[in-house]
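Take a look at these structures.
Two complexes come next, and they have one chain in common, chain A, joined by chain B in the first and chain C in the second.
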Partner chain A sequence: MTALLSLRDVAKYFEIRRGVFERRVVKAVDGISFDVEEGQTVGLVGESGSGKSTLALTVLRLYEPTGGQAIFEGVNLFELKGRELTRVRRKMGIVFQDPYLSLNPVKRVRDIVGLPLKVHMPKLSFEERESMIREMLEQVGLKAADVEKFPHEFSGGQRQRIAIARALIVKPKFLILDEPTSALDLSVQAKILNLLLDLQREFRLTYLFITHDMNVIKHISDRINVMYLGKLVESAETEELFERPLHPYTRALLSSVPTLDPRQRGRKKMLLRGDPPDPANPPPGCRFSSRCPLADDLCRREEPPLVQVEPGHWVACHKVGG
Partner chain B sequence: MSRTLTTLREDLLRFLGGPTVSYMKRDPGAIVGGTIFLVFVMSALFAGVVAPHDPYQADLANSLQPPVGFGGSWEHPLGTDAIGRDLLSRLIYGARISLSVAAVSVTLAVLVGVSLGALSGYFGGLIDEVLMRIVDFWLSFPAVLMAISLMVVLGPGYWNVVAAMTLTSWVPFARVVRGEFLTLKERPFVLAAKAIGVGSAHIIFREALPNTFPSLIVLSTFQLARNIIYEASLSFIGIGVKPPNPSWGLMLGTGRQHILDAWWIAMFPGLAITLVVLGINLLGDSLRDALDPTIKKRLGVVEVQ
Partner chain C sequence: MTLLEIRDLKVYYYAFDGVVKAVDGVSLELESGEFFGLIGESGCGKSTLGNAILRLVPPPGRVVGGSIYFQGEDILRLPEDRMREIRGDRISMIFQDPTAALDPVYTIGDQIVETILAHNPEVSKKDAEARAIELLKLVGIPGAEARVHEYPHQFSGGMRQRAVIAIALANNPELLIADEPTTNLDVTIEAQILTLLDELRRKLNMSILLITHNIGIVAEYTDRVGVMYAGKLVEVGRTVDVLTDPKHPYTQGLLGAIPGRGGRKGRVTEIPGTVPNLANPPPGCRFHPRCPRRFDPCDQEEPALVPLPGEGRMVACHLYRRPES
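Up next is the complex of A and B:
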């Protein structure tokens, strides 16, 4: 298997100005590296504010990267400009969290879903474009006649289907799904997840799936990367991660998941104290040290590197392995 | 470019159609305001047909005729002025000047203000800093004073009034559009369009601009009323439209000299100004309500957060 997308030390810093003199740097994404294998679904989990979405927007060049590389099919996305960048965009797509905000309220479904065709296949006639739009709508479970409608005429789940149709109409290889189900009702979430799985099989898609929902990620992804305050803390195959979570933060995330399994009932719950620290002012050493039950002086002094403890299982913690 | 204009027109008409109209039909203010406004617009458009007399034709034998009911005749329903010109006809032709000066200057102000506001809000940075300082400078001048100074420099005349009105009314449009663009450019649907690979022009004209139309429509009506008053004020003090053009402000100004013996010369132009401004403001109030978030939701516009 080959990596479709390889992130190497991707960084995105924001500068916050308060008044004229005070400037602070927020390291929203701070040196993230992982691979996304072709045909797989790679999960990216973490609390809100951990930098998951910032990473997604940076990889897609919707934010200007501060540093690092994002190698997509052998090309560094961070070095592309103008037309080359536009050409590569055809192969990538994104579905956002809130379908109430990601569809322009004054545009018809035809114009929303047809926009990628206009940009990437400008020579299509109106009829060709129209039939492709209609076909795509049916593939995501909407009606061909919906082209005439406006976003407000649809429910949340249907809107997310429109957003998916827009992302897929030019047949990309790679899709970033930025919490595509967390704004939806539970009953609708399952339907959208199944749709995404069906489409992945049909179009041979590679997904980067961002979420904070451990149940969803377990259901859909092959590999999971755990982020905390802009850093990668653990990365492993899904099964491995759920069986043998090593980082205290991952364990805390997993123990927050309610379970129906009676054997699991007696397990020790690991609850985190307090909120994540201010990203503009993270604790020294390990960024998790301020909330970690295992933290000692070393953790508060030195930042742990990401090391491979098992084949394919990476973790950044002084208290793991040796 | 022409395709962009066509879609922009469709987007604009969408806001003015359906739910907006059905809301306004139930609003008495809109009906009264709309009727008044329509009467003035119609008489301006068809002045040649509606006016009983030539508005420029002096008739010294019939000067200072009072209106019907105050000793006058139906020959001159609203009376005549000091040189015997028919007041009703002059008012009707005056509607042309008042309304067209206001309409043309608001249109130009929208073009200037929206362009600068969109550039400022979308690109930010140095462009924004410079343009907003210009706006601050503009706002620190009292608008009337600026209009008067401009007219003194330019001299009286129709197009000079239009220029002065435009230069004093583009600022609110620039500020409103800039503000909306600041939030619009961060919205996910704009990010989605960028991820697809569209350019800035597409985002500005096709994605963001149509979402500012509700605010622009409402602001335009209030600026229209304001410019009618400004035109009348400039003409009143003699630096607006040149005589013998029948501008309402000019008529009010000349009527002042006869206010004790022939009150109607000043009275009727004053009433016309008041009525048309009242009508437009009623219409604008109703439009503002009709395009408000609650109804916006029906139109599918999500509130700016």
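Up next is the complex of A and C:
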């Protein structure tokens, strides 16, 4: 198998100013490396503020990277400029969480879904464009006649279909899905997940799927990467991660997920103490040390490197592996 | 012992484009000390029901029928000043967004003190302040003595929700209504907060009515559960019974739609169609246009919520009606 996308030490820092003198740096993404194999779905989980969306937007060059490389089909996205960048971007799409905010309310579906065509295939005639839009709407389970409508005429699930149609209209190979079902009800979520699975099979798409819902990620991903405060703390195949979580944060995360079986609720949960630290002022050493039940002096002094403890299973913790 | 008895409650919103029947004939009993979960998809009337218990349905909404007995007294018929005594004292409520529930210009401590004094004018300010610190400790805020003087923006999201819980518990309520109290929080924090609520419920012997759309939370924490669909209560029972052996086709559909149970990357079971518009709900059983098991009477006769064998199990579906005698 080949990696469609390889991230190497990707970093994105934000400088925030508070008043005239105070300047602080938030290391929202701080040296992330992982591969996304062609045709697979790679899941990205982590609590809010852990840097998932920042990573997605940096990879797509919607944020200027602070450092690292993102190799897509052998080309480093972070070195591309102008026309070259536009050409590669056509192969990548993104769908955001909120189907209410991500669609321009004053534009008709035709213009929303057709916008990427205007950018990437400006020579198409109106008729050609129109037929591609209508066909795409049917692919995502809407009606061709919906081109005339405005976003407010659709339910949340239907709006998410519009967003998916917009992302897929230029036939990308790679799609980043940033919490695409988090704002949806269960029965609507089921439909969107099925649609994404069908589209992946049909167009051989590669997905980077961001979510904080462990049931969803377990269902849809081949591999899972776990982030905590800008760092990758664990990476493994889905079954391996759920059966043998090794990083203390992953273990707490999995044990916090409510069981769906009320008969199992007596089981012991690993509850974390305290709150996530201020991202602008993370603890020294391991960033999880302020909440980790196993933390010791070494943890508070030295940052643990990400090491491979089993084939394909990577963990960043002093207490695991070597 | 029954703490709260809702009988045939109807709450309608008189919107300009029609009458939205958000709660349309719901009957439900809450026992004292129990943890009750109310689930259902967005817009089915959960929050409207919760708000109605405190008589806080916002206009154009109005309670148009039914009664709510709280310890034997119909609170829908109490004068507003009596209701104000109950609200925040014997029944209190927490919402999804803790930031909105806190006043940014007062310290956390002042807000707790105010809640105590509003209902207990005889308590001294000093005693109320001591109680505020005690409450912050109770909800697990470290350094409560110092934190009591801080403002909401100095608290993290999880801590703000704890502070809101502290305010809600200030007067030892008999009933706490929690409307999606952890929806904006991460799972590790959510588990902390819900475990805390469960412990406090036992310690203080209060009942909790938890409104959520997260079935996992219901499975993990509640004793009994009610399932709402389109303004109606369609199934009630002990959580173990309902979640392991759902009777109503809608409950069955909801449980089937949870991903991650079957084979990975397999299809997730869908419920066909979409939720109806409550200004114009379907006749008969409101679920019938989407129900895989509908039969003859479903599109005409409305099924009543009737008891089934098993402790406190009730379902509103023609599949379970008893043969006519």
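We adopt the following convention: the second predicted complex is superposed on the first by the 314 of 322 C-alpha atoms of A that agree within 3 Å, B and C clash if a C-alpha of one lies under 4 Å from a C-alpha of the other, contacts with A are read in each partner's own complex, and residues count from 1 in each chain.
Simple rule for what comes next: a contact is a pair of C-beta atoms (placed from the backbone, for glycine too) under 8 Å apart; a residue touches a chain by one contact, two chains touch by 3 or more.
All values reported here derive from a predicted model rather than from experimental measurement.
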So if we stack both complexes on chain A, do chain B and chain C clash, or do they fit? fit
Looking at A:Gly93 after the superposition, I want to know if it touches chain B, chain C, both of them or none. Which is it: first, second, both, neither? first
Looking only at chain A, is it chain B or chain C that touches more of its residues? C
Which holds for A:Glu47: it touches chain B only (first), chain C only (second), both, or neither? second
Figure out whether A:Gln189 sits in contact with chain B (first) or chain C (second), or with both, or with neither. second
Contacts of A:His212 with chain B and chain C, given as first, second, both or neither: second
Where the C-alpha centre of chain A sits as vertex, the angle toward chain B and chain C in the overlay (nearest 10 degrees): 80
Name the contact category of A:Asp275: first (chain B only), second (chain C only), both, or neither. second
Please state the minimum Cα-Cα separation between chain B and chain C in the superposed model, rounded to the nearest whole Å. 12
Residues on chain A lying within both footprints (that of chain B and that of chain C): none
The residues of chain A that touch chain B in their complex are 57, 60, 62, 85-86, 89-90, 92-94, 96-98, 100-107, 115-116, 119-120, 150-153, 163, 166
If we count contacts the way the header does, which residues on chain B are in touch with chain A in the complex? 11, 14, 187-189, 191-198, 207, 210-211, 213, 297-302
In the complex formed with chain C, which residues of chain A make contact? 41, 47-48, 155-157, 185-191, 193-194, 197, 212, 214-220, 238-239, 252-253, 255-263, 265, 269, 271-272, 274-276
Could you please specify the touching residues of chain C with respect to chain A in the complex? 41-42, 142, 156, 158-159, 186-192, 195, 213-217, 219-221, 239-240, 243-244, 253-254, 257-261, 264-265, 267-271, 274-275
